[in-house]
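These are the structures, in structure tokens.
Two complexes are shown next, each including subunit A; its partner changes from subunit B in the first to subunit C in the second.
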Partner chain A sequence: MVYLRKFWTRFRIYTRFSKIRFIDRLSYRAHFFLVLTEYLLIIIVNYFLWKAILADGRTIRGYALEDMVTYVAVAGVFRFIINELSGGISREMSGQYHSGELIMNLLKPVSYQLYIYFRAFGGILFQMLFRGATVLTIWALLVGLTPPDSAATFIVSLALGILIYAGIAFLVGLTTFHIENNAGVLFATTASIELLSGTLIPLVMFPGWVVSILDYLPFKMIFYIPIQIYLGQLGVQEIVSALIVQAIWAFILSIAGFLLFKTSVRKLTIQGG
Partner chain B sequence: MALIAVENLTKSYKTFKRKEGLKGAFINLFKREYEFVQAVDNISFHVESGEILGYIGPNGAGKSTTIKILTGILTPTAGEVAVNGLVPYKRRQQHVKNIGVVFGQRTQLWWDIAVIEAFTLLRDIYEVSKTDFQAQLKKFDEVLGIGPLLHIPVRKLSLGQRVRCDIAASLLHNPPVVFLDEPTIGLDVAVKSNIREFIKEMNASLGTTMILTTHDLSDIEYLCQRSLIIDQGKIIFDGDLQQAKDELARQRKIQVDLYERVDIDSIRDQLKVAELEFAGQNDYSLTISFNKDEISAIDIIQKILDLLHPRDIKIEEPTIETVVKEIYEKRSL
Partner chain C sequence: MVMPRIFFYGKIYLRYFGQYFKGRLAYRSDILIQMVFALSTQITSLVFIVIIFNHIPDINGWSYGEILFIYGFAQISIALFSMFFSNLIQLGRFYILDGNFDRVLLRPLPPLFQIIIERLDIGSFSTLAMGVGALLYAAAKLDMSLSAVECLIFFGLVLSATLIFAGLVLILVSLTFWIKDPTGALAWPLMTVREFAKYPITIYTPALQVFLSWILPLAFTSFYPATLFLGREDYVLYVYLTPVIALLIWGLGILVWNLGLRRYESSGS
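Let's look at the complex of A and B:
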């Protein structure tokens, strides 16, 4: 009971970091519509591409046009999240490292990893509530959108996917401690995650050997599993095992971040910031 | 046991030596040469609970390096440190709960939020009760005048305003140990004296232990019974600067400005004062150093008036600055 209360007060502190980021994002209004238009355009282009490919009721590896209508929209919204996490975690960490803000955070009795995570969560909440909701509403009215097969499981799976990507983004952010300029690493991971997590095309469209390699990597756990659950492509048993594998990846990546952060800080405090 | 114990502490920074130019950049790719900067060189000192220790020294002496080690954000190369029984760099999270830190050079506050929001966040982080928090805010407003600053984002504050908020933030949770690295940088005279009062009061009422680094020696004079002087990583003085000043005050100087150049040796013979020399670049003024226990200023001035037609006469008493300057210049007192 005492532990629970303690946990709760600590949790509340971290949610305040989320709130700060949320409000910060909210204050850039002009930027808001610009980005919204850009993402909407990408979704529309993708849509017309699939419309041409899947004309006359054709299907490719089980995907018909009506599936892809929903797929491109949800994937488009998910790209907001990818963007938020690569900017709000990896690039943010690199900026804090170079500006010395990291050192000031080390002087506070707060976990840096959780501080970074919760800030990013605040940003994601903003992306979903404002940009995501707007895009999906426009899409539903203009083109049409199938609702999720099981909303609750989709949300759980999506949350785990976000946690997995947050773990990866944190590890990428930590590379700054070791190579000073990590812009290249950041670019490469963001690009490969967009491709390998399924936000560009459904992963089954890749050659079979690629698909089987991807089964052993965390990338498809980020977006492809949640969207498959959304579209009702997985059976109950598959969903349960997918969620477990997602949770394991989320855990492993966060622990890796925790441990690597410790050694990175040791290096930093030896070098002198 | 001392609250802060530093034993044979050494810190050397390893820096990558970059070669200049295009050719140098090419060589850098293949061959890395390193340089070592010995910032802190085998120093030891103790600070007792309730003490305010002045920590001074010229630029680049190693002051901030020492403070960083004591706050846990720097790992020593050799030697041992303990604050309140904890080794700062090994138990950083635990350690920072019990300390307050001001680095005047850079802010400890979150850049992107209003001051009051940063304060309430710190209140929650350090688990300060709401009533204590209100009392602290009121006190800080009286001393530091931060009331009007509370709703301004940290990044929009002027240097002095930011430092004032930083000081308030670092003392919000009444930490038992406080490290102040140039805390009065950029502050106006009124605020500065308020802060001095406040620090003194906090130390007296709560027994807060402090280490204060500053280039403003009047801060030290006002607050610290004991000071360390560090130069090139080594401690060259450990004691009461006030006492050192009183000792030095026996040694006084008279400066005599003249209309024309005089023969310094003949004056020296007649005055019977050993230390007599032309001051600085200018041959038209003399400085006479003397020990006031051996000869009085009146006697010297009397003799000068008999011998010369001075334009002006000044008597100098040593200040804390001259004391410290003497120590920096490694002259024995």
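Let's look at the complex of A and C:
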């Protein structure tokens, strides 16, 4: 009981960080609509492309146009999450490192990793509640959207996917402690995540050898598994094992972040602050 | 009288470029990072095309080579724009808000010329190389052989395409003189809409095609001029229109710019 209460108090502290980021995100109104339009336009381009690619009832590896109509919309909305995580975790970390703000956060009696995670979660909540919901509503009215095959498992899988990418983004953020200017690493990972997690194209469409390599990497766990669950392409057993593998990856990546942070912080040099 | 003037501007351009390049060479890793950045934003669409054509023979009647050619053409004009004109986007924040525009106005050169030449996006060299690579590969795949005259026409069309895009950006950023916009957001949606121009516009609905041809004429920056080399007769008229539209848009851009310039008031910092 005591542990539970302690845990709850800690949790409440961290949710404050989420709340701050959430409110922070609310304050840029004009920016909100610009980004929304931009993402919607990308979804529209992709939609027209797939419409031409899968014209006359063509299918590629089992994907027909109806599937892709939903796929591009969900993937487009997921790009909000990817950007929120690479901005709110990786870029935030190198920003704090360069401004010296990092040292103030290290002095606080909270875990830096969890502080960064929870801030990003606040941002994601904002993205989903406002941008994601708006885009999906527009899409449902304009073109049509299939509801998720199993909403509950989809949400669990999506949450695990977010946790996996948060782990990766934290590791990318840590590189700033070692090479100072990690912008190149950051851009390269964001682009590879877009490709390898399946937000650009369903992963089965990649050449066979790429698909078999991707089976051993965490990237497809970020988006491809959740969207497959959304579209109802996985059986019950496959879903269970996919969720377990997702949880394992989320755990491994976060522990790796935890350990590497500990060793990195020991030889950290901060100028200014 | 006109020729010496052009030489004069050319000389200034090279001077600016030299100074800028020297400054940038001090941070060599930054150049590399910019190249990675430019590449990471542009390479995904190329991967998309390559993967999709593993599965299907054509998109809307356009073969792999043709799609790649249009894509390469679009990519080259985008890269050339980013390389030589992208400093225009800095007008709202760096020049007007931060007060750097006062410095520009004090110098005895046209302000627009100064802003264009003050920065050169070397990072876009990576996307230019990618575009040229895609185009050459497509040309080989299509067994295309160009005569010397056709090559000249090609370069003329690439130049027109770049100018159309730069002109559109010029019109939009010039509005900053009226609408105080510190983020450079006015030209932002244009950066996304140009994604539409990377593919044959026949895949879009008629309304969208009209929009991309006559309202935001981005189809003239890639699709229409590229069709000349693909042997499609239906769009010949549009090919001839490309340089005309380039001139019209630049003229309009300079008009809006000059009107805006009159309204300029310093930020006072």
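Note that in this section the second predicted complex is superposed on the first by the 268 of 273 C-alpha atoms of A that agree within 3 Å, B and C clash if a C-alpha of one lies under 4 Å from a C-alpha of the other, contacts with A are read in each partner's own complex, and residues count from 1 in each chain.
Just so we're on the same page, a residue touches a chain if its C-beta (ideal position, glycine included) is under 8 Å from a C-beta of that chain, and two chains touch if they have at least 3 such contacts.
As the structure is a computational prediction, the values presented were derived from the model and not from experiment.
> Taking the superposition as given, does A:S86 touch the first partner, subunit B, the second, subunit C, both, or neither?
Once the two structures are laid over each other on A, A:S86 reaches no partner at all.
> Between subunit B and subunit C, point out the one touching more subunit A residues.
C
> Just checking: does A:T176 make contact with subunit B only, subunit C only, both, or neither of them? Give me first, second, both or neither.
The answer is neither, since A:T176 touches no partner chain.
> Would you sort A:S197 into first (subunit B), second (subunit C), both or neither based on which partner it touches?
neither
> A:S254 contacts which: subunit B (first), subunit C (second), both, neither?
Once the two structures are laid over each other on A, A:S254 reaches no partner at all.
> Quick check on the superposed pair: does A:Q228 touch subunit B, subunit C, both, or neither? Answer first, second, both or neither.
It touches nothing on subunit B or subunit C.
> When the two structures are overlaid on chain A, which partner does A:R58 contact: first (subunit B), second (subunit C), both, or neither?
After superposing on A, A:R58 lies in contact with subunit C but is clear of subunit B.
> Quick check for you: in the superposed arrangement, does A:T37 touch first (subunit B), second (subunit C), both or neither?
In the superposition, A:T37 contacts subunit C only.
> Can you give me the overlap between the subunit B contact set and the subunit C contact set on subunit A?
The answer is that subunit A has no such residue.
> Where on subunit A does subunit B make contact in their complex?
Those in contact with subunit B are residues 9, 12-13, 16, 20, 24, 100-101, 103-104, 106-111, 266, 269-273.
> Touching residues of subunit B toward subunit A in the complex: what are they?
By the definition above, subunit B touches subunit A via 11, 13-14, 65, 68, 71-75, 89, 92-94, 96-97, 101, 106-113, 117, 121-122, 124-127.
> If you look only at subunit C, which of its residues touch subunit A in the complex?
Checking each residue of subunit C against subunit A gives 29-30, 32-33, 36-37, 39-41, 43-44, 47-48, 51-52, 54-56, 59-60, 183, 185, 188-189, 192-193, 195-196, 199, 203-205, 208.
> If you look only at subunit A, which of its residues touch subunit C in the complex?
30-31, 34, 37-38, 41-42, 45, 48-49, 51-53, 55, 58, 60-61, 181, 183-184, 187-188, 190-191, 194-195, 200-201, 205-207
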